[in-house]
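Down below is the structure, laid out as C-alpha cells.
Chain naming follows the written order as A, B, C and D, and within any one chain the residues start at number 1.
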C-alpha cells in the first residue's frame, strides 16, 4: 500500500485536520478511491490526527464489504455512496468542526447558502463571489443507510457538489483527488467561520 | 513508577491539556487509580503542561492520606470521592477551560443539558444524538470536603456519569482509564464550545 | 535570486502568514519590489504557507508582463498599481483572514475607521491613539483591471496609506520594505480582531 | 548578564508571550529588577517573541537614565514607577492582547471587576472566588510621565495590586519575580477572556 501517493496525501491531510482540531475525540472518517470498485477508508475509533497508512481498510464500493473483516468507520456507506454516484470523486473527508456543527443547527432551512465571498472560488468551478453556493443540510440519523438514501434521493433531483452538512454532526466534502478535497475542506471551513461571525455581528 | 503505563498515559494527557490551554496558571489537577485503595494525583502548584511522573503523589483513596508527606492538590478529596464511589473509575481529569468556566456561570440551572449533537457519542454508552446528556453544575466552594459532600449526595439519588461542572471554576471528568477520560474531556470541551457558540447565535 | 534579502524576508513572511491562517486554500498573493521597473510576485495557485523563492515570478511594473511566461497571481494588477503609484512601496501583502473578510462586509460604509487604539501606532507615521485611521473598503470585482482603476481613482483624490480592504475578499497592505509591510499586516489584523470583538460587545 | 536567572526567566516568558500572540507588531515591553536602584528593560521596537538577553537595557529606577545611551521602551517610566513604589515588585510585563484591549474600552467605568471566578486565586493573596478583584483602567495617554503621575496618584489612595489596564492599549502586570508576574499575566488573560465571553452571552 505504501506506493499509493493518494493514500500518502490522505494520511498527511488527516494529520493536518487533527492539528486544525476538526476531528476531535476520534470522530470523523476519511477515504480515497483505489479504482472503480474499491476505496480505502479509515478504521473505526482511531484518532484522525495520528493515522497511519495501515489504519485504512479496503472496502467494496458496491456493497460496503470489507474483505479483511476489520471494522471500517460506521459511516462507510456515505463514502461509498459518493464514489458510486460520482465517477469523478477521488477522495472524501468527513470532519467534525465546531463551526460546521453549530451552523448546521442554527440554520433552520435545508441549506447553508454562501454568497458574496471571494473564497467561494476555492470550490472547483466557482468563478465569482456573485454566485450562490448552497451546501445542503441533512437531518442527522444514526441509521446510516437511511441517511445515505436521503442523500441519494437529493442527488437524484439536484446538483450535489463539494459537500453537505449533517445537522449537529459535521461536514462531508470531497474532490477529484485528495488535494482538491482538502482545498474544498479548507475553503468551506473558512466560509463557515466567516458566516458564523457575520451572523453574530449582523444579529441574524 | 516508570513501568506504570497508565501514569505514562496521564503524563502525556497532561502535556496535551497544557497545549490546549485548558489548565492555565498552574490550575487543574489530574489523577489515575493504582488499585482499589490508592491513586496517584498531581502535586499542588505545578504547571500541568510540563508535569513529570514524579510530580504525582500516592494518596490513600479512603482518607486522602499522603504517605510521603508531600502536598497533593487541594482538591484531592474530589478525586478520591470518585474513586471510592465508582469502582470502574480509573482516571480523573480536572481542567479549567474558558468555555467550561463561562458556560457554568451563564447556565443558571443546576445542569448543562446537551442534546442534538453527534459528538455526544464520544461519551461512553451514548449511542444517539437524540438523547439528553445532563452535566450537573455544582456551586463553587473553597471548602472541598463540603463540595465533595454535595457531589456525593447528588450521586446518592442520580446517575453521575462522565463529568460535572463547578460553577465559575471548571470541569471534572473521568473514565475507566486515561484514554477514556481523555476522550470524555475532548468530547465535552467540543460540546461546550458548540453550546457556547450556539447560544450566542440563537441569543438564548 | 537567492542573494535577495528582501525576497528571503518575504518567503519568511509567507510562512508566518500561513501559520496564522491568513491565506487558506491557496488564496492571497505576495510581492516585493526589485527596482523601479520590476517586482517579484507569487505564482498562482500555490499554498502561501509553503512558498519557496522560486515560486515568485518577475513582473514588469509598467504592464504586468511576465518575461518567463509563467502565470502570476490573477491579482497582479493590484500589486503593480501600488508600485507604480507609490515609489516608496517596497512590498505588498494580500491576505484572506476571517476578520478582514467579515468586517469588510459588516461595515456598510466605504471605510473601516479605527480610532482609540494604541496599536494604531504600529502603522508608519501614526503617533497617537487619538487620530482616526480610515482603511478604505472597495467593492469586490472579478475584473481586476476595473478594480485597480477604482483604487487608482481613489488615490487620485485621497491619501491611500497602509492598506485597503476588498469587500468579502480580504486585505491589501504594504510598506517600504517587507518588515514594515509585515508590521502593518500584524497591526491591522490585530485592530480588525479588536474592532470585531468591540462591535459584538457593544452590539453596534 | 548571562548568569542572571531572572533575566533568563524573563526571556523565556517573552517567547511564551510571543507564542500567545499577546505582543503583536513589536508592541509591549518587559522588565526585571536588578537591585534596589536598577532594572533591565526591553529595547524599543523589538519583536517580543524573539528577544535575547542583550536586547535588555540597564535603567536607573530613580530617573529612567540609561547609562549605555541605547533607547529603552517609550514606556519605561511606568515600569520604574512600579519598582520605586513597591519594593516587592521584581518583574513587570506589559502586553497588548485583543481581550485586554477590547475589555478596557467596553468597560466604561474606571475598573474591571472580576468576581465569581476560581481563577482569581491565581493572583497572589486571593483565596476565594467570592472576593472582588478590581483591575483599574486608566485612560490612554501618549504622555507617559502624565500617565505615570495618574497611576502614582491612584496608588496614593488605593491598593494597586497585580496589574492595571490602559484603555484601548493593554495590560501592565507584575509580581515578586518573573514566575509570579507570568502567573498573574496568565491568570488575568484567562479572566479577561472569560469576562468577555460572559458579557457576550449575558448581553450585558
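As a working rule, a residue touches a chain if its C-beta (ideal position, glycine included) is under 8 Å from a C-beta of that chain, and two chains touch if they have at least 3 such contacts.
All values derive from a computational prediction rather than experimental measurement.
Participant: With a step meaning a move to a chain it touches, how many steps does the shortest path from subunit A to subunit C take?
Facilitator: 1
Participant: Sort the other chains by how far their Cα centres are from that of subunit A and give me the top one.
Facilitator: D
Participant: If you average the CA atoms of subunit A and of subunit D, how far apart do the two points sit, in angstrom?
Facilitator: Each chain reduced to its C-alpha mean, subunit A and subunit D end up 45 Å apart.
Participant: Rounded to the nearest whole Å, what is the centre-to-centre distance of subunit B and subunit D, using the mean of the C-alpha atoms as each centre?
Facilitator: 32
Participant: So which bits of subunit B are touching at least two other chains?
Facilitator: Residue numbers touching two or more other chains: 200, 203.
Participant: So, with touch as defined above, which chain pairs make the list?
Facilitator: A-B, A-C, B-D, C-D
Participant: Along subunit A, where are the residues that touch subunit B in the complex?
Facilitator: The touching residues are 24-27, 96, 98-99, 101-102, 105-106, 140, 142, 166-170, 196, 199-200, 203.
Participant: Please name which positions on subunit B make contact with subunit A in the complex.
Facilitator: 116-119, 122, 127-130, 183, 186-187, 189-190, 193-194, 197-198, 200-203
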